[in-house]
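Below is one structure, written out as structure tokens, with a few remarks after it.
Note that the chains take the letters A, B and C in the order they are written out, and that residue 1 is the start of every chain.
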Amino acid sequence: MIKNLINKIKEFDSSADVEKRSNKLFGFAALYNTPNEVIEAAASVAGKGYQKFDAYSPYPLHGMDSAMGLGKTKVGYFAFTFGITGTFLALLMIGWMNGIDFQNIIGGKPFFSLPPSIPITFEVTVLLTGISATLGMLIIFNKLPKINSPLNDTDFMKNVTSDKYGIVINADDELFDENDTKNLLLSTGAYSIDNIYYRESNLTTKTPIFEKKFIMAIILTAIATAVISYFTLNWVLYDTQPFDWMWLQKRIDSQSESNFFPNKFGMREPVNGTVARGFMPYEYKGMPDSMVKLLSNPLPISKKVLERGQDRFNIFCSPCHGYQGDGEGRLRGQFPKPPTLHSEKVRNWTDGNIYHVITNGQNVMPSYAEQVSRDDRWAIIHYIRSLQRSHNASDSDLPK
Amino acid sequence: MSFDSTYTKELPLVENNPTLRQIDDAILLPTQIKPLKGWWIALGLSATALLIGAVALGLTFYYGIGMWGNNQPVGWAFGIVNFVFWIGIGHAGTLISAILLLFRQKWRTGIARFAEAMTIFAVMTAGIFPVIHTGRPWLAGYLIPLPNQNGVWVNFLSPLLWDVFAVSTYFTISFLFWSIGLIPDIALMRDRATTKIKKTIYSVLSLGWTNSNRNWSNYERAYLILAGISTPLVLSVHSIVSFDFAVSVLPGWHTTIFPPYFVAGAIFSGFGMVSTVLIVVRKAFGLQHIITMNHLDTMNKILLATSTMVGYSYMMEFFIAWYSGNPFEMFAFANRVLGPYNWAWSIMVSCNVLIPQLFWFKKIRRSIPVTLVIVLLVNVGMWFERFVIIVISLHRDFLPSSWGIFYPTITDLSLLLGSFGFFFTFLLLFLKTFPLVSISEVKGVTEGAQPTIHLHPHSNGYPKEKA
Amino acid sequence: MDYQRKPLPKKVGTIGFTLLGLGLILTVISFAVNTQRALFDYLWMFMFMVSIGVGSLGMIAMEYLAGATWSTPFRRVSEFLASIIPLLPILVIPILIGMHSLYHWTHPEAVAADKILQWKSPYLNITFFYIRLAIYFIIWILFLILFLRNSQRQDETGGAESTKKNIKLSAPFAILFLLTLTFAAFDFMMSLEPHWFSTMFGVSYFAGTVLCSFAVATFCTITLGENGYLGKGIRKENYYSFGALMFAFDIFWAYIAFSQYMLIWYADIPEETFWVLMRMKGSWAYASIGLVIFNFVIPFLVLLPRSTKVSPKLLKGISIWLLFAHAYDLYWIIMPSYYKEGFYFGWSELGAMMLAVGIIITVFRYRASRTNLVPIRDPKLESGLNFHLN
């Protein structure tokens, strides 16, 4: 079977591939032996006023542009436009991404500054200039790809790609006349003149690129590529860890069992009587109020301390107790309302009592020992005292 | 440009005055015949090297970068050395194809295509290393500034990101340059093709190119623009590579001359590599009349010039290290000469600066065996230059307690070997597939190829008078 | 080629002498009023003349070395410009006399109090400074004499002999050119701030020098060519390469300047940044931004299109522009050591500039009156005149 296939391929490979030509004339193709001849011929064809003609040579001939009377090529302007666009796009990209949207301090540098942006700006400029010059030259200016041009696959083309020079005058030029044009070409010293006819496919189809099927195929391919690459990229970037055992290495998590120690605890217990550095246990834990009264506030009253106390109070206490300590907190209705702090009972408490409540909690109030440091608790107490005083002020409290 | 002994006439760029069709035949021959034995041997060797590299790469992927020898304090070693080395190799191609085009050096036509191909393969080789050096190459997508669900953007302040832009731009532009150069030659191959499959393939690849002058006119301009932008691009690429080091504060890395110094070194090493391969290829494919002795002579002169520039930079670094009065700077350079890696430094200086000075003598410039030896040494020397810069500067920096020595592992060495295998495999395949000399360009510079008259459109019949 | 020797018009000499005279008067007054300022101005213009003289000599060597033909018809212009080199040893004398006002490291008491200067003193000391200057001048003058002798002899003998000799000379000179320029830049300009250092400094002065010598050659060549002093064979296209090379070296200058600035900015090491910060102080900041625009952005945009490079008018304009740009560049390098508070440009600076331009024009006219303006029997001349763009 494979042999059959190979034979079929070989058969196909060696089959003649000369597409049928129609009767419609594409133009006259004249061949010349030397570059000077073709330059002179081009100058006289152009001088006669022909517009739709072209010269052909195996390599670019210097001076042919002026002989043909061609204007300057516009590729440069095209590429320049894209290059400038690239410059600004890159600056915008860097400025927005690092300067605005995702600010990070790197080495103490500004979020956006010009010197380190120049390399990438330059690269993007060059990239866009290069791509636009190439694609613009090929697609926009030279109208390529055009594989089925009537000139391809002719003896004329085989000569001008190798070692001869040629001129083609198109039949749809206004001045084209079978006799005159042929005589003109003969008079310029052409050693051979061919009639080039359109391919049949040239006449039946317009441009294959604009066929419905082709456009559909392109769109479908584009969608398929986009979808596949979207999912693949996502998978590769976020969902895979091809070799993940460096990340997921064996270890004993807290609270998990370990066979290494006889008691099978993963964590070690501290030695009896040890205290972590900087940690002082609360010595009145669970003790009755009478004992707690012995605690006194070690912080002296100062403006700074009161401000600190106000700050902490507003953050940690006010949600339930309210900014005034009257129990009108922002959580009322959602939480049981705490009693006011201005009651006779609380006012008669010692500082130690309040401290005890903050540290241990009371009724539904949880302990705030984790959130509020010891000094801050004392500062809060000072602030509560000042709140109490402000709500029960006497005449003697007025400034004189 | 080379002249005859009276300095009135340029030496012919293509020797023996072949006809245009003979040039076609000579250049296209390797693509039309069955490969020679030597080609198979070379391919076998390079494919073996590639395979070894692939195994090492697989191990690196599987076990991680721990397979390599780099560790604190030498965090960058072979991976980055190879990256800089291969990027540098690429620069000769762009120099020949773009800068010499701008300077109207017509001798470039004989070697440009080949050197451009080397650029592309060298950049491909180089590109592998930074990606695998990250340790998680499957996450390389994050190098591109694309919106992502983590809401992060790349860090545009990082020279490593500049590298991403520079190298990818460099590859794209070099590839465009190379491929539009190929179009006319593929059109020629299409017209010479004898079988249908080949013809179809070449027709598609040539985009239906017809050699028409209106097309040539745009084509030449686009080619010139590409050359014009490639020239600063090639400077920028190796400058940005040098920024990877020079923006730091490490003695031996932070010095302002790095950008031009790296560029000169890159061109130097690239020419070394081009010469090495060219000497073999012109012999193997019988192209001595197209890639002539004058080509090698000129390339040797460029090697000499760039070698001197590199030497100048070495000297400046040492002088300023002393002149700065900064003890760390001075130590970094003294350590190069006297430290445990002084053998690497000696190889670097002798291969890069001292030995190429032999090219002052015309006899040596025009002796192929000697040239081959010297350019091979240049390749070695330039690899060691990167080693010296990267490893020696890292292994002893500010804090003597954290000094260390770098030992490469077998994986490191295999990857280095593999990079050569990768490069040469591509190169050998290219030699068989496409014309290794730009046919249309070489034809354009043969004697009598260009018209001797300059005309404008005229209507007075068939003109005889010449302007 | 069709060349008739024509003497330069008297106007040139008058302009030269007027500028020289006015400049001399202003400079003398300036020295009398404020010696230190006058010295800085003088140093600035001295470096400008080094750029033009030595740069032109380097251009001649480059032509021989590269085998370039396009510049052969214009080589004499560079030779005349390089002829100011023999004056440099004389012109340097005021700088040597006033060294203490210019260079901090020449003061023994300053060195004694400064560890870094003590370390540098094997290089930065007056004796060695003199020796180095002597070496530079000997090399420059020697090669100038040899190049010019061979080139002028060719006008009589013809043939390739002189060309070959000069090619042989060019190779060593190319290296010596780079080295002497580098160290001259270190000595005259970098040591103004003796603590500062940059490995790139020599390259950056080299870039400016080459740019400046191309610019001055362009201006002189086109002026002479348009008025028919260079014979009849010269077309617009012959000037193309001047434009292309000015464009190339302008970009190269910008590249070097940017790299140096960016690396110092990024690493942010105090021992390097202070030099840049001096140029960011007060109105110097505007001068620094102006330098980028004046020296890079505008010439870049003007020289970018191909049409500029074949338009003698535009080329002439931009070459004058680039000459000023190089003077600006040197001013930016040298003067912040004197005008520490901000940018300033006054009559004293103008005087120094007039003096320099006057000297260059006078020497040019003197040389041009004694030699053919075109190397008429250079074997490469014909192919140089045949230069075609396509």
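Some points to look at:
One rule holds in what follows: contacts are C-beta pairs under 8 Å (C-beta built on N, C-alpha and C of every residue); 3 or more make two chains touch, one makes a residue touch a chain.
Just so you know, these numbers come straight off a predicted model, no measurement behind them.
Here B is the chain whose Cα centre lies closest to the centre of all protein Cα atoms. Using the mean of the Cα atoms as each chain's centre, the chain most removed from chain A is C. One simple way to say how far apart two chains are is to compare their mean CA positions; for chain A and chain C this gives 47 Å. Centre to centre, using the average C-alpha position, chain B and chain C are separated by 34 Å.
Residue positions of chain B with contacts to 2 or more other chains are 232, 239, 243. Residue positions 62-63, 65, 76, 107, 109, 116 of chain A are each in touch with at least two other chains.
For chain C, the set of residues touching two or more other chains reads 262, 266.
Against chain A, the residues of chain C that register as touching in their complex are 258, 261-262, 265-266, 268, 305-306, 388, 390. Taken together, the chain A residues at the contact with chain C in this complex read 62-63, 65, 76, 107-109, 115-116, 118. Interface of chain B with chain C (complex): residues 1-3, 5-10, 102-103, 231-232, 235, 239, 243, 246-249, 254-260, 305, 308, 312-313, 316-317, 320, 323-326, 360.
The touching residues of chain C, when paired with chain B in their complex, are 66-69, 115-116, 119-120, 123, 159-160, 163-164, 171, 174-175, 178-179, 182, 197-203, 244, 248, 251, 255-256, 259-260, 262-264, 266-267, 269, 271, 379-380, 382-383.
Listed in rising order, the residues of chain B touching chain A in the complex are 19-21, 24, 61-64, 138-139, 141-142, 145, 148-149, 151-159, 161-162, 165-166, 169, 172-173, 176-177, 180, 184, 187-188, 190-192, 195-197, 199, 203-204, 207-222, 225-226, 229-230, 232-233, 236, 239-240, 243, 440-441, 443-444, 448-463.
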